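Chain lettering (A, B and C) follows the sequence in which the chains are written, and residue indices restart at 1 in each chain.
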Amino acid sequence: MTFNPAILTDNWREILDGMALTILIWAAGTAIGLVIGLAVAVLQLFTNRWLAAPLTLYVAVMRGTPFLIQLFVIYYGGPFFGLDLTPLTAGIAGLALYGGAYFSEIFRAGFLSVPPGQIEAARMMGIGRLDIVRHVQLPQMLVIILPALANMTVLLSKETAVLSVITVNELTSVVQSIGSTTFAFAETLLFLALVYWAFLEIVTAAARRLEKRVGRFMLRTPS
Amino acid sequence: MTATPDTGSRPIIDVRGVWKRFGTAEVLKGIDLAIRKSEVTCIIGPSGSGKSTLLRCIAFLEEYSEGEIYIEGELLGFSLENGKRRRVSDAEVARVRRNVGFVFQQFNLWPHMTALENVAMPLKLARGIAREDAEKRARRMLEKVGLGHRAEAYPSQLSGGQQQRVGIARALAMEPHIMLFDEPTSALDPELVGEVLQVMRDLAAEGMTMAVVTHEMGFAAQVADTVVFIDHGVIAASGSPQQVFRKDENPRLRQFLQNYFERNVFWQGAEDGAAP
Amino acid sequence: MFDVNLIIKSLPMLLQASVWTVIYSLSSVAIGFCIGTLVCAAGLSSSRLGRGFSAFYVSFFRGVPLLVQLLISYYCLPLIGVNVPSSVAAVGTLALCTGAYLAEILRGGFLGIPPGLIEAARMVGLSRAKILTRIEVPLAVRLTLPSLVNETTMMVKASSLISVVGVLELTRLAQNIATSTFQPLEIYLTAGAIYFVINGAITLVGGFAESRFRLEKAR
């Protein structure tokens, strides 16, 4: 087995593009996923059951089926509904819908962690339901659910690799195609693993620091 | 009441100058204690005095920092080479203490096994006894502690007193030469204490060698051959129950006993129990 | 038009393929459980080397996307002279990956066992190995059953990725049918439904096992 790192340095521009796309997909998917998750949790908890039931089904389905199949349904099945998405849009939409289901569970647990007495108190003062969510519940629960949110966000960064299967030119796809055109599988794939590994470690460490800082911040302000 | 202690022979347990330190805290400070065959030794003392730690050192659940503990003549836990102490293997520790039974304050029954399995499993796995024989012996032991009818129950389905009796049966099944009891009734509701103490009384009457860390002064007064009072990591008083409970002048012991006199009336029973 | 007939026609084939999905994912969880137990034991041992290895293992297999791990085992194993069927390599990779997650789950379980239960086992003379297999592992499993069931469903889902390295299972077969019939929506929805049912069944069985093995039974 030979080892030739030049294969990587020769293609550094493509690899950097791949990395950039991976991060873009991750950021967009997470951001939209968070919005979906929060919306689903609020609708599930604070509206009638006719709206909550289909949302519960959505969460169960997204959590109970493989992400890859979800991507296939969106990307290949989309045209059936007149949705002719590019691989990139389909991928980001898939990641957001998938992450949104998990995020909604986290938000739901967060809402339930705020003592009901506080909400009753706010209600008695005539504060609207959404204002209670925004000013009473969210600020308190965010500290509690931050570790879970951070954890899920980190997990989503790994899922971006699956988008290579629907031909999105993200990092895995780029490096893999370099590998198969040059037959330098060892160099390219081990490099790929190392990049993800380093990336994950950095992001995880950053999440830990963020949790600590937010924790300290909350301790300083009396609640 | 109990069989006559055999004072002539070598002690079953011989504790010599044992120290135990946790970091900078000195919990045991030079303990000397000998326990002879068929003798019942009750170890009393205020909480935090080191009495449980001593018992756990004798079982080698804690490594003692200094001194020597001999079990039936064999040094426990260490080997001496040119005066230097060296920790021996876990298997060697297990061999030396194979005749020591231990009963825990918190029972420590394995919750995923029935009462019968709790007693039979060690026989099979540690002693290599065939399943049928192990279960037969386990059943006998459960009957001995009055729980033959609860053999198939899981620990969570048993009362505290019943769990502790299973704990005793589990230790007895290994046919130990000495039984160590670490506050066996302290975790029990008051009305369940009696059934456990009765099992222990029967054992003592059969001539079992026992060391019991306890707060049950009545039991100590009636059953013990020797009462040892530990305070601040040293043996502050020891002797027959009569000597310790009635004649001892140690002010700390007087104070300690005073607390019990105020809360419990037990001396009536001790009067005849302590007399030889 | 949504083609229900196609679904009915391809359902038997898809169900057959889903048997492979179940076999691959369950066997990788079983092997991964043994790996996880060992990695976890190393992590809790007093040996610095053991702890270092355990931390490295968990960090690597949780830090690299499973798809990349699968690609490595598929393309790189032959390079170092290991020629095994792709299904074997894929199951092995799934097992290594889930082993890292299971190690972390079991770690929580092991640390949750009251130390007195281990002391009791030592006092009746059980060897270190017997204490591990007869006391610690059964208790850790009971304590962590919900997480273990969840990890199993995660692996059923993750097993869909082995289609990428050419192993025939539910997702791969769905792809084959979808490309030959040009009706991907029906086929992928059906495949998704089958995964959903498999995971539902696992969750049900897990819930049953939980109530059966609950350590604190009511008196």
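The rule we apply is simple: contacts are C-beta pairs under 8 Å (C-beta built on N, C-alpha and C of every residue); 3 or more make two chains touch, one makes a residue touch a chain.
Being a predicted model, the structure only gives us computed values, none of them experimental.
More contacting C-beta pairs link the chains of A-C than the other of the two pairs B-C and A-C. Of all chains present, the one whose mean CA position sits nearest the global mean of protein CA atoms is C.
Taking the mean of C-alpha positions as each chain's centre, the chain lying farthest from the centre of chain B is A. Rounded to whole angstrom, the centroid-to-centroid distance between chain A and chain B, based on C-alpha atoms, equals 57 Å. Centroids built from CA atoms put chain C at 46 Å from chain B. Note on chain placement: the centre of chain A and the centre of chain C lie 22 Å apart, centres being C-alpha means.
Residues of chain A found to touch two or more other chains are absent. Listing the residues of chain C that touch chain A in their complex gives 2, 59-60, 62-69, 71-72, 75-76, 79-80, 153, 156-161, 163-164, 171, 174-175, 178, 184-185, 188-189, 191-192, 195-196, 199-200. Residues 59, 61, 90-91, 94, 97-98, 100-102, 104, 106, 108-112, 121-122, 125-127, 154, 156-157, 167, 170-171, 174 of chain B are the ones that touch chain C when the two sit in their complex.
Chain A makes touch with chain C in their complex at residues 1, 60-61, 64-70, 72-73, 76-77, 80, 158-162, 164-165, 172, 176, 179, 185-186, 189-190, 192-193, 196-197, 200-201.
Of all the residues in chain C, the ones that touch chain B in their complex are 114, 116-117, 119-128, 130, 134-135, 138-139, 142, 213, 215-217, 219.
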